[in-house]
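Here chain A shows up in two complexes: once beside chain B, once beside chain C.
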Partner chain A sequence: MSAASSAFLEHRRGPLTGLSDLFWRRPKLLVFLLLVPPLLWLGVIYVGSLVALLMQSFYAIDEFSGMVDYDVLTLKTYGELFRPANLDIIIRTVLMAMAVTLASAVIAFPIAYMAARYVRGRWKAMFYLAVMLPLWSSYLVKIYAWKLILAKEGILNWIFAQLHLTGALEAYLGLPVVGGGSLSISYTGTFLVFVYVWMPYMILPTQAALERVPVNLTDASSDLGGTPWQTFRHVIFPLALPGIIAGSIFTFSLTLGDYIIPQIVGSSRLFIGQAVYAHQGTAGNIPLAAAFSVVPIVIMGLYLWMAQRKGAFDAL
Partner chain B sequence: MTTAVSLKAITRRFGEVLALDAIDLDIAEGEFFAMLGPSGSGKTTCLRVIAGFEQPSSGELSIFGQRAEGVPPYKRNVNTVFQDYALFPHLNVIDNVAYSLMLRKVPVAERYSQAEAVLDMVKLAGYGMRRPGQLSGGQRQRVALARALVNQPKVLLLDEPLGALDLKLREQMQEELKSLQKRLGITFIFVTHDQGEAMSMADRIAVFNLGKIMQVGTPEEIYLKPASRFVADFVGSSNVLPPDFVARTTGKASWASLRPEAITVTAGAGQPDLTGTVVARNYLGATTRITVDLGGQRLHAVLPSGAGVPLEGSVVTVDFDPSALHRMDDTP
Partner chain C sequence: MRSDAPRAPWGLKLAAGAGLVFMIAPLLLIFVYAFTTEERTYQWPPPGFTLQWFGVTWGRTDVWQALTLSVQVATISTAIALVLGTLCAAAVSGSKFFGREVISLLVILPIALPGIITGIALRSAFGMTDIPFSFWTIVVGHATFCVVTVYNNAVARFRRTSGSLIEASMDLGADQFQTFRYVILPNIGTALLAGGMLAFALSFDEVIVTTFTAGQQQTLPLWMLEELVRPRQRPVTNVVAVVVVLVTTIPILLAFYLTRDGDQIAGSGK
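Our next item is the complex of A and B:
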């Protein structure tokens, strides 16, 4: 035995090692230090600004001067939300968000299922690339691109013409509500662009949920007499539901709050985001803008509460 | 006797790999049949072909006389107990068991009373409201069994059903499975890599290796009269003796197997070919297993434990009755 050898490792010394030792002895200290920055961010900057925004909705506004009176707190602004014109905006936005969410879920599911079950290795990387690729380019550029695609002189009309289906398209555009002068100025156009832009946010959580469903559960269901449809309905869908709900939270809330897509592609009727934009900008009605922005928060709260009651998170 | 499952020249390819190589097998109704083999030997693929999860690349599969190639699993009156149980995590125990009844649209009250009866049979009465995640491994195994039996299948397939259980529980479940099978009279086909399990439970065993069946027979036949070196080695840890050794000790050259308990050992040197050194000594309780090195050829012997067992390093002479030697042909 040499004199230098000891029970402890000689090279584990120095000031930083001392810090490691301290954290090793007091693991909670490390957790505390790691949590301070995010908690400050969430608490002060995020929640703080949200509260400041909500406060705005309770201030009164002088109808003649248009000045905000910070001394008077009132619920009158919320009453204004229920005026027919404003209620229309809310209902229109919610219906659009629901349609977009439903369509995204239906389209995303087979893609996510393929990716989770059948795609391996290099092809899986390709899948992620294909899903994420649209997110790499600017959101504005994509929307303008869609405006061109959907325009009367656009490629979609051209394709319909080549297929001698222009009549069908015209008939569709003649329908009330979903129709319009051309696809790019109809609700259908707005809907298509919303579905396109939010699709990755639906595919990825659904795929992650399906990835965690063991293949042998499908075998077991089939073994017990389940046709493929029954297996989907009773095993795969319930187990994928938390992922679909997670995706729908994205598509639903992003649609509720967006003000650019309906501005560029769609009829001139307002959505919630546009109303907020208009009221805080040109109209200078900050309290009503704030009240409008509370609407998506309340709707999302209700949505999550219902999803939780329906057992959407039981399989988590 | 009716043939429950019949395989004729069943072959299953996965790309270049031959998972099943022209398997011929007949399993009788009411039989407790074991498919034994090391991992990758094709036994599980064979089970999956019978269940319908895999389609044979060629060959004929009949279940109770009816051709079953191309018939999906949900149309076969065959149920499976999966290796890791494959219980539905979002359903509680009773709904797991009643799953197949639910699919067949059996009325709710009848569905639950049947499921409860099967749970009672596997000694899990009163566990219906729990989630699979709240059960122990042994309990989950019973739920999987109940779920597969509630349908009263013609054939029950078990894929390494006891693999994940600890020894004590495994032995208990072996007995229970055996008595359950006797009581129900259902054909059980179970896959295992544990030769002890296959021996103690099965009426007949098929030994698989490299996609082929090496031997089919009763546990006794397989143990006492292995058809090949592989079977002798895999089942029952017999001594596999090469032709030159057999020629020197018995006069006639051929491969042979010799069970360790058929060997006797006396202290001191004797006939040179049968004299060697004890190189290992493993105490097993009632018996002790020793390894004797006879000039390069190692022999295992199992002796009753006690003062008579030679110590490690001591020189001994081994002896055995030539009739205990089971000669084998050249099949590896």
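Our next item is the complex of A and C:
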């Protein structure tokens, strides 16, 4: 590499140089050539598959043969989504996604606030890793950890027993909706695991938004006689809101499409993801599975539209 | 930058600390369970501690096969994602053209949409085109959603790489390929490495898309999933869980050290 060390590279002659000159004269050609492979992959394979899936939802299954009838386009499959049983699944999933998002925002905010405004230097790096490691560690291992925690003979029941609170836990499990036979087969269990797995996605966008709140605004607020609570309520929180909404896109979307968590920890009542899985697998009803998978896409479309109006995308 | 960082109110400290404990304690619990002597239940506290399950797991061919497959899939998917992600990032940051936003959206879409939709879409596409499920169908799925981590890291680095460096290189007589080799690549190298490692971690851990694109093959997450649904060999699962945590933790720590000066890209969405 003596040529490289002398700063001036040996001037090459050959097809590559010609090509290089061509790209220099026609930069658009270079951009085009750069984009061909990724566009072929993502545009053709991925978007092609998505479109093919959506097309399936406009066919219906023949009730006698159980085969998909490819001759007629119909909205009948979408009609089936509005049957009470299917509507229940959709409402249950959306309510769970909302509850998980709210809880995540509440748990994530103090962590993000601390990381954005108070910790410095080494501690900041520690904080960052403490958030990143759970965020990136294995999804299945995280669920597995909660299977261990929520087990009847597991640590949570043991803690309640040590504190002589087993009675309180049993009273809670006796409640309608949130209760159940045990924690691992109740909505509460599903909710806890959802929050655990998706909450870390809320922290980073919230922290990023909080870091962008100018310090002189909070100083001005206290100079004008605002109490810390008033400063928080009227200055910091409104400015952090786009970040929280940006984080909620992840928690909401990820909860909406998940089918493994409610299958492993929870009651036998289905969520959207499980319905899609069941219809495409054992039931063999691809059109209904496709129609079901349109539901989260539509809900997320609406959600993203609202989020954009709140300026959440600038906070991503 | 203020010089005197104010002291945090104790309520905030408490809430943030509790939040961090909530995030980290369950992962630590996994490590304790890997050493338990109890085989049939998830009993807490563990009745005793032993190292025997590490030996048992070491001797298990099914675990080794699943691990090998996962590493192979992750390696090839990462390689594909590196090429596609870098090309995309170079095209998007090198110029302003109509449809830039569309490209960004296209790259992010595979992880923005729920995994089950990506999975089922690919599965039905493979079904319609009569492509048999194989090692390569798993790779196609993984590479698709891995592009984004490489893309995000590379775009951020391209943005920080000053255009005058490239112009200087050209002024000194280098052609575009030489400029790429001697100026651009050394500049974006660590960002690509970081993006690649995150892509590897993402692929190594993926289960939802894989359930749809795998045939008979079993990746390590698919092996885990089966154990989660129908626990049969709890001690071996405990050890595998620890190994998985370690295997995904190391690339994340490395990626953090490679990109810590300035860009915080690592966490932007999984």
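By definition in this document, the second predicted complex is superposed on the first by the 258 of 316 C-alpha atoms of A that agree within 3 Å, B and C clash if a C-alpha of one lies under 4 Å from a C-alpha of the other, contacts with A are read in each partner's own complex, and residues count from 1 in each chain.
As a convention for this text, a contact is a pair of C-beta atoms (placed from the backbone, for glycine too) under 8 Å apart; a residue touches a chain by one contact, two chains touch by 3 or more.
From a predicted model like this one, the values you see are computed outputs, not experimental measurements.
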First (chain B), second (chain C), both or neither touched by A:114: second
Partner chain in contact with A:214 - chain B first, chain C second, else both or neither: first
Touched partner set for A:237, first chain B, second chain C, both or neither: neither
Which of chain B and chain C A:223 touches, first, second, both or neither: first
Winner by number of chain A residues touched, once chain B and chain C are compared: C
Chain B versus chain C as contact partner of A:70, first or second or both or neither: neither
Parts of chain B lying in touch with chain A, wherever the complex brings them together: 51-53, 72-74, 78-80, 82, 84, 86-90, 99-100, 102-104, 147-148, 151
Complex contacts: residues of chain A adjacent to chain B: 214, 216-217, 219-227, 230, 234-235, 238-239, 314-315
Complex contacts: residues of chain C adjacent to chain A: 2, 5-9, 12-13, 15-16, 19-20, 22-24, 26-27, 29-30, 33, 41-45, 80, 83-85, 87-88, 90-91, 94-95, 97, 103, 106-107, 109-110, 112-118, 120-125, 128, 140, 143-144, 147, 170, 172-178, 182, 198, 201, 205, 207-208, 221, 224-225, 228-229, 237, 241, 244-245, 248-249, 252-253, 256, 260, 264, 266-270
Contact footprint of chain C on chain A as seen in their complex: 4, 7-9, 11-12, 16-17, 19-21, 23-24, 27-28, 30-31, 34-35, 37-39, 41-43, 45-50, 52-53, 56, 107-108, 110-111, 113-115, 117-118, 120, 125, 127-149, 151, 153-155, 158, 196, 199-201, 204, 208, 215, 228, 250, 253-254, 256-260, 263-264, 273, 276-277, 280, 286, 289-290, 293, 296-297, 300, 316
